[in-house]
Amino acid sequence: MQLDFSAIWGHFPYLLGGAWISLQVAFLAFAGGMLLGLIFASLQAFGNRVARRCVNGYIGFFMNTPQLVQIYFIFFALPEIGVLMTPYEAVLLGMTLNAGAYLAEIQRAGFESVQVTEMEAAETMGFSRIQSIRYVIVPHIIKVLFPPLSNQYIIMTLGTSMAAIFGLEELTGRAFNINSETFRSVEIFTVTAGVYIAITFLATLSLALIGRYGFRAKMRLF
Amino acid sequence: MLETLLNEIPRFFTYYNIVFLLKALFATFLLSALGCIIGSVLGFLIAVGRNTTSRILMPLRAALIIYTEMFRRIPFLVTLMLAFFVFQALNWDLPMFSVALVTVCVIGTAFIAEIVRSGFESVHDNQWDAAYAMNFSYLQTLRYVVVPQAWKVILPPVFSFFILFIKDTALASQIGVLELTYAGKVMNNKGFSATLVFGTILVLYFSLSYPLAKFGQRLEKKLAPARNR
Amino acid sequence: MPQLEIVNLKASYGGQTVLEDINMAVEKGETISLIGPSGSGKSTLLRVLTGLLPPISGHIVLDGKKIDYNNKAQVQELRRHMAIVFQQYNLFQNMSVMKNVTIAPIKIRGRPKKEVMEYATQLLERVGLADKHDAYPDELSGGQKQRVAIARALALRPDIILLDEVTAALDPELVNEVLDVVRLMASQGMTMFIVSHEMAFVREVSAKVVFMAGGHVVEVGTPEQIFDRPTQQRTKDFVGKILRH
């Protein structure tokens, strides 16, 4: 096996651009998912039995089926009822709906971690309901949620790699493109793997620093 | 639309197709299960190696750490492509299932090694102290003291990982492994409605994953009170 | 010839020197107590002696044989003659009381199972736990756990036994049951190293008391000498403080 990395160094900036796209797609899906998750977690906490059943059904479905097949369904099945989407839209929708389920679970755990004792203490100190929520509950929840949410974001960033299957030019997609041009497959995917490792390291480190020093959350730096 | 769907159903759910899909489902399960079983054995060995303290073994520990950290940070698809092209470059004519199997084993090992390592760390240092003071060797301590205590902390996350892994195997469809997702693509290409096909595939994945997830929850509950003994 | 000689032992932990120039001699059957303020290195000394913390320099001489802590085989040999009981009992959580006491002699020493179990039964009777053979550590009280730990150490038939603050983690009402066992061991001629805060007990059982502070041996003497007529200022300060209550 002869390895020749020189052929691909010229394409490296292009490849790296894909990393940025991956991070963006993950971020958008994460943002959408957080919104969905918030709605779902609220429904689980405050909704009636029917609402809870529906939400649990949604979460159960999306957590027990592969994201790839979910996107396949959106991309190939929805057109059959007239809903056409570009690959990008389908991937984004699929990732968002999928993320919504996982982030709902994480946020639910956050809601449940709120201690009644904290509310009582705030009340006896003269906080109004709204003030209690703003100054006591929300900071606590952010602190508790930051680590699992960071972790989920990293997982989602790795998850964007399947977008390549739909032709998106994120990191893996660009790797496929470069591969079809240069045919230096082993070299390309080794470098791509390296880039994923690098961006996850950087992302983990940045989030850990933000978490530790911004929110006093318990974050492992490594 | 619904009419065409209903008309297709009898054509879709023929004996042949059902057997085809079930075989693909089994392939999915097998890929994930083998990956986790082999991953557990190798992951355990890696954790044992990583936990050593002698200076001579430092290069080994470094290599093991690099391995585990690497393969937990590369997407499944990329690792799969790497395996595919490496075998191609070596001129090894392996069946695609084997390539996918190698991939799941490599990734499973990395993740499970980390789970086992956490499990070992959950055992208090004083257990090691007492053992060493009585001349237990490193391996004897693992065998008689640490592993009997750690396995309860290790098993639930490994099982969770197994369930998660089932979903990752869907990507093996990209190199033509006849697992469930690939079967879906085949059926779709044959002309069946995508809604029917992928809907069925989703239901099949769900019917595999959900019961296992429920079992995993019961397993965790059974082992957790023991943890707080 | 002393049974155990400690020669110029020096140890560090986390970049700091925690033991400096420790020299001691112990005769067979003697009970030596180490006292001193927290952080003085008493427990560290026991850990070094049992080989859990390798010293930077120095060695010990056991029954005339030199033990170099960097030599694995010698440390293993040492542990066949020296057993330790920890402050936190350190019982094996996954094993019953009987298993805890018998596992090392059977699996590590390779002694015949029957012999070990008979002796273990005797020991458990001696420490007052005859009926707890099949209990697990988390079903026992602190005092009971500590007595199992002592039985476990005795099952190894050591020549020297180290007791590291064995009553410090116990509720007051459980302290005496453990001290009774230690008294019994002392009266039967076991060579013992005791680290303790129980000054009345130390005074009662010790042949020699060693006062340590800041990683050094400050003063050595009989209990009367150390408690009633200390010569070093540091010793005077310490003894004065602890005896005031």
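Just so it is clear, A, B and C label the chains in written order, and each chain counts residues from 1 on its own.
Throughout what follows, contacts are C-beta pairs under 8 Å (C-beta built on N, C-alpha and C of every residue); 3 or more make two chains touch, one makes a residue touch a chain.
If you're wondering where the values come from, they're calculated on a predicted model, not measured in any experiment.
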Chain whose Cα mean lies nearest the overall Cα mean: B
Chain of greatest Cα-centre distance to chain C: A
Gap in Å, rounded to a whole number, between the CA centres of chain C and chain A: 55
Centre-to-centre distance between chain C and chain B (centres being mean Cα positions), rounded to whole Å: 48
Where chain A and chain B are represented by their mean Cα positions, the distance between them in whole Å: 21
Contacting residues of chain A [partner chain B, same complex]: 1, 60-61, 63-70, 72-73, 76-77, 79-81, 158-159, 161-162, 164-165, 172, 175, 185-186, 189-190, 192-193, 196-197, 200-201
Parts of chain B lying in touch with chain A, wherever the complex brings them together: 1, 69-70, 73-79, 81-82, 85-86, 88-90, 163, 166-171, 173-174, 181, 184-185, 188, 193-195, 197-199, 201-202, 205-206, 209-210, 213
Chain C residues within the chain B interface of the complex: 50-52, 76, 79-80, 83-84, 86, 88, 90-95, 103-104, 107-109, 136, 138, 156
Complex contact set, residues of chain B against chain C: 126-127, 129-136, 140, 144-145, 148-149, 229
